[in-house]
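When the chains are written out, they are named A, B, C, D and E in that same order, and each has its own residue count from 1.
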Amino acid sequence: MIKILAKTKEELLTNLTIDELQAHPSIDWYWIDFYNPTEQEQKALEEKFDFHPLAVEDCLTQGQRAKFEIYDEHYFLVYYALHKEELENLEVSAFIGDNFVVTYHVDKLKSVARVANLVEKDPNIVENDPWEIIYELLDHTVDEYFPTLYQLEDQIDDIEDNAKNETMDELMRNLYDIRSDLSRMRRILNPMRDLIYRIMSTNALKEKEQVRYFNDIYDHLLNMIEIMNASRDLSNDIRESFMSINSDRMNSIMFTLTLMSAIFLPLTFIAGLYGMNFSYMPELAGKYNYFIVLGIMIGLVGVMVFAFYKMGWFKYRKGPKL
Amino acid sequence: MIKILAKTKEELLTNLTIDELQAHPSIDWYWIDFYNPTEQEQKALEEKFDFHPLAVEDCLTQGQRAKFEIYDEHYFLVYYALHKEELENLEVSAFIGDNFVVTYHVDKLKSVARVANLVEKDPNIVENDPWEIIYELLDHTVDEYFPTLYQLEDQIDDIEDNAKNETMDELMRNLYDIRSDLSRMRRILNPMRDLIYRIMSTNALKEKEQVRYFNDIYDHLLNMIEIMNASRDLSNDIRESFMSINSDRMNSIMFTLTLMSAIFLPLTFIAGLYGMNFSYMPELAGKYNYFIVLGIMIGLVGVMVFAFYKMGWFKYRKGPKL
Amino acid sequence: MIKILAKTKEELLTNLTIDELQAHPSIDWYWIDFYNPTEQEQKALEEKFDFHPLAVEDCLTQGQRAKFEIYDEHYFLVYYALHKEELENLEVSAFIGDNFVVTYHVDKLKSVARVANLVEKDPNIVENDPWEIIYELLDHTVDEYFPTLYQLEDQIDDIEDNAKNETMDELMRNLYDIRSDLSRMRRILNPMRDLIYRIMSTNALKEKEQVRYFNDIYDHLLNMIEIMNASRDLSNDIRESFMSINSDRMNSIMFTLTLMSAIFLPLTFIAGLYGMNFSYMPELAGKYNYFIVLGIMIGLVGVMVFAFYKMGWFKYRKGPKL
Amino acid sequence: MIKILAKTKEELLTNLTIDELQAHPSIDWYWIDFYNPTEQEQKALEEKFDFHPLAVEDCLTQGQRAKFEIYDEHYFLVYYALHKEELENLEVSAFIGDNFVVTYHVDKLKSVARVANLVEKDPNIVENDPWEIIYELLDHTVDEYFPTLYQLEDQIDDIEDNAKNETMDELMRNLYDIRSDLSRMRRILNPMRDLIYRIMSTNALKEKEQVRYFNDIYDHLLNMIEIMNASRDLSNDIRESFMSINSDRMNSIMFTLTLMSAIFLPLTFIAGLYGMNFSYMPELAGKYNYFIVLGIMIGLVGVMVFAFYKMGWFKYRKGPKL
Amino acid sequence: MIKILAKTKEELLTNLTIDELQAHPSIDWYWIDFYNPTEQEQKALEEKFDFHPLAVEDCLTQGQRAKFEIYDEHYFLVYYALHKEELENLEVSAFIGDNFVVTYHVDKLKSVARVANLVEKDPNIVENDPWEIIYELLDHTVDEYFPTLYQLEDQIDDIEDNAKNETMDELMRNLYDIRSDLSRMRRILNPMRDLIYRIMSTNALKEKEQVRYFNDIYDHLLNMIEIMNASRDLSNDIRESFMSINSDRMNSIMFTLTLMSAIFLPLTFIAGLYGMNFSYMPELAGKYNYFIVLGIMIGLVGVMVFAFYKMGWFKYRKGPKL
């Protein structure tokens, strides 16, 4: 689908075709948006404009890096919007000339619709500078990143406090999912930061005041990257803490098992011993021998508890001193 | 709440309104502090001053990065005070002009109160240069970081020596808490260092002597960052040491369990064997068979202990040689 | 094997020998490709051209770094094609002069065949600039990297979801294999990126337009490196998550073992106790003593379950709160 | 305590007071050393010299960073001597002017005593340049680091070979102690390296030859830092190797336990089965049933050993192939 | 031992003493090699030449960094040959002047002998430029590194495939040894790379062609460093994979143990129960009670296997899905 906004001195034209637009004698500026274009529309992009073939190729191929390139007749931009559920990047390409912007994207994008709306309501905000449209697009796009990032922060907070009372296994899976999401965010945020920086450091933007506005987007991106990195560090620390607490639990379980085994194995053996059916076992005869053996068992428990105490086992739950 | 300090050649005025201040014919400099302002006061900030809209937006929005920006008519600054209990950053925004400082913060801040006090007592320390007020604010703010940092250092020392005789589990949780706190400190200290550096490296400060005083703050921040990084490394080393000592304990517990099981499992089996009630078990008859079986059991223990000795089990507690 | 393409003003000659080529009066440009050359052909390379001995040495020795060197009379290039199965680099050396390209490689390379084809079909694409041949070679070579990289991405996805329902042991081996492959890719991609950058940043390429085309290759490499790094991070996260889930499973297994042992060890001991054959064991006599002991056993189980409950064992499967 | 060395053209004066020194008409250069000064002496430092207040503040406050600052009237230096037992840094501050050095330290320092000795014996080594005194102080201080570093190297070697035949627990504690010590060394060596570099790269040192001598100290520091980093890496590798060997030991212990349990649990159960006292258990009657059961037990062991063999258990001690 | 090679216009003199050499009227260039010199020879080095005392000190002291220093009258170089068995660096110092090279080393070095041989056979390769001798020394020295590095690569390959069918313990020790060796190599290769770079980037080498030859050595070093880093990464990956496979084995062993214990503990308890000798145990009487109990036992096994199946235990060997 192609949507065209063209400004003459008098008015904003919204229902021209490309051919009419190019034939029109007095256009101040125009913005053409290609959204999920048909093959025919793609062909129009290739043929009816004077764009550099390398730029057109990148525009038509998905999977490009976010980037800013300067050609002789126009600038070329690839930036990323965010698919909120999948945290995938949605590529947008833009050709920017002295008096035009041509944008191209396969996916439906709220930010584009909203900026188009804005421009239609008040075409004067463009001030005859197509970079104003790019600013609005980038500003809206970047602002849309925030909710996702805050949601990830909240999810980490939930894991930290185990707010949902989940099992270790579930917590670990959640941590993994969050880390994957943070990695996806990083693959969007870092290239966007570099992209904005690149736009500001070339002299594409002519007005110092405009640089300030792009710098505000840059500032937002730096802020998000700090949040993202902090979240990443935190998720790391949480995982390692979970692991070490788990390993301590294991110790505690094993300790209980060993203690009980160590006490009952010898006792059970003695009981088994006097359960044997040998015809001649002198100990079995005496009247008090049963009680003597019972006494020996109790004594054995005492000796073992004392030995364990001496070996420091009952302080085992205490942490070490380094 | 708005607090205004305004200096004329003769005296320090402390009870003007913004309108009176702006109408006053002979003000050398003034400082307006917005503390948790009402909506009306926020509106005053937006409308009665000539501040850049991007700066005003950042000022009114919480969650900004610490930063220093140069606008045509004024400087704009965001810096972080420290919430001592939560280790959260408390944002302060400041607009600095040739003869004014306007500060803005939502949270109650001791440093602002103290500097205001200082200025009221001796307005001459400002020397007609509003940067002096900023210096005092930053100096007091940064000095307030130290106790928190020293406290974290002490907590790590306590964990290292297990001074409170805690369980491994508690130690691990404490380490996690300290690491979270150190991360929070890092997210305050590093931006503050960059902020001070940025102030010094632009030519906002006109006097070489003033740069030296800001450099002193910078020096404090570098010092704190070194302490913080050292603490972070130490906490890492402690955790890994705890983990490896724990894993060694586990080995030692398992070794005891295995040794006892290995000795008593066969013995108990033999005892069980001769506890069976088969009508014809020739071994049960002979007079000495019971003692022979006892002897075999003792011999078996000997053989097993010898086997374990040969397999190097009794050197198991010794560490390896690489 | 040596293949020669030589262009005169009129035509493309394809069956000259080196000697004929060098004697020919009117060659615009030529490309000689040495593929797995005989000793005699190697000697021709050393003797019939005026190449710098260090460059020739590097060309004839396998195991060179990808690099770009500037000699007085020619440029010298080593780049890597990809062996798809082994992910090994296949070295290609190239000498580039004002009107010639000499390439040298031991392994059979599709990209070389394809570019030769291209040139034979339309010799004019070279435009009398041998760097065009290099561009085509590098472009084809780099494009051949993509399928391998995408395949690695898919393999990681399979491991993440355990799509083939493999054992942990198999997953770990697969992860190791993928990581080895990614390391091999990195040892190809990073040097290639540096190589292309080096070519662009010296002034070997005379036309700005040509730089753009090399920059397109560079862009592809950056894209692949991002994919590769993301894959590497992901494989790391997967491994650590697998490890922690495994460790949690272990805990759960040990917990079951300990619980059952803790309950049955005392019971079995008591049973053994009253299985002893002492002639005088008063407890054995009474009519209800058997049921009393049964009751005691049941009570003991109750007490132990209660104790475990109090010790929080039945919440053990729940993850910790930090 | 204050120690003053003052050089006139003729002689070295060693028993002047500060006041006498400042009143003296013909001093070529002087060196005042404040060692653990009384409050009165501290006051003298503050009042009788023309030092910058920020420098004096840093001098009087402990816990400064090693640093080099340039003031209008003098240089200011903070460097670290090493407390050999605690591996703590001992701060030394120095004010350096055209014809004076003032040093200040709280702790007793051998290096200061030795340099004072040197100067008293031959005042001419100072060559009227106070930087010569600083060079000697730094050179002696840095040379004193070496024995400590070599000792740490030896301790790591001992741990590697377990030369003292210690338990894993002791080895882990030793490793932790050494790593702490290395961290402390790093917090001394790195700042010192930066300090010396900073001195050389400003033009405080006037003679190229003097720069060479400071560069020799710098070279020593780089050497030590390499040793330190190598030691750190080595200690890391040792710890991880110990951990993995430990984990392998655990496997081997658990394997033995499981093997024995797996064999004896069923056997003991069978023995228990025929130890039951049911009045009617037909198997107990037959003459050969006891031997049949014995045979079954032996057969069962055979079957289990065969099953374990088939499951690859007896190759368990072999490492994996990746 | 001192070996002197001196070139006059006519011939190469090989049996001069230092004094004769210095008295000789027409020497084009000379090379003196000090190999494990006596004290007297060391004194000659200190006294008979005009070398800077700092350079002489470094030369006479072992344990220097590889480095390149520029003095007024000469250059000074420390480089590392490789001790093949111990992978220790063997220091070589060199003083380089306009018409001389003086080398100094404690250890016997093949490379020095070979270069001396080369020069004696054809003194003209020096072309009156002592840097040619240094080039040959460095080239031979660096070429000698390769076999050791390739050997380490092969050892890692062997460990990866467990080619020698070693135990995990042995594999871990081998990995540790290889990592130590790689660390030692790194402490030789990295400084050498920096050294060669430093020589090239100062203007010690006068001819562009000579820089190319040093660059060839540099290229070799970069190549080796890449191999070394790849080996290091690989050894890391192998260790972590071994650890995780080991941990999986542990899980599998523990699972078997727990399964068998869980099945036999209750059975053995029941058997023990009916092995008690109470005079009144009604269950023992009935004719079919024994078979009923047997049936109960079999039923219990069934119930437990079903419970384990429900708890997913029999899928335990399967890896997780993330």
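Please note the rule applied: a contact is a pair of C-beta atoms (placed from the backbone, for glycine too) under 8 Å apart; a residue touches a chain by one contact, two chains touch by 3 or more.
Everything numeric here is computed off the predicted structure, so don't read it as measured data.
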Target chain C, source chain A, minimum contact steps: 1
Shared interface numbering between chain D and chain B [over half = same, under half = different]: different
Selected from C-D, A-C or B-E, interface repeating C-E by over half of its contact pairs: A-C
Rounded Å distance between chain D and chain E, as computed from the means of their C-alpha atoms: 24
Distance from the mean Cα position of chain E to that of chain A, given in whole angstrom: 38
Multi-partner residues of chain C (each touching 2 or more other chains): 173, 176, 238, 241, 245, 247, 249-250, 254, 257, 261, 268, 272, 275-277, 281, 322
Contact graph of the chains (line, ring, star, complete, other): complete
Touching residues on chain E, where the partner in the complex is chain C: 212-213, 216, 219, 222-223, 226, 230, 233-234, 237-238, 240-241, 244-245, 247-251, 254-255, 257-258, 261-262, 265-266, 268-269, 272-273, 275-281, 316-322
Residues of chain E defined as touching chain A within the complex: 275, 322
Interface residues, chain A side, partner chain E - complex: 173, 176-177, 275
Chain C partner contacts - residues on chain A that touch it in the complex: 52, 54, 57-58, 63-65, 67, 69, 71, 160-162, 165-173, 175-176, 179-180, 183, 187, 238-239, 241-243, 245-247, 249-250, 253-254, 256-257, 260-261, 264, 267-268, 271-272, 274-277, 281, 283-290, 293
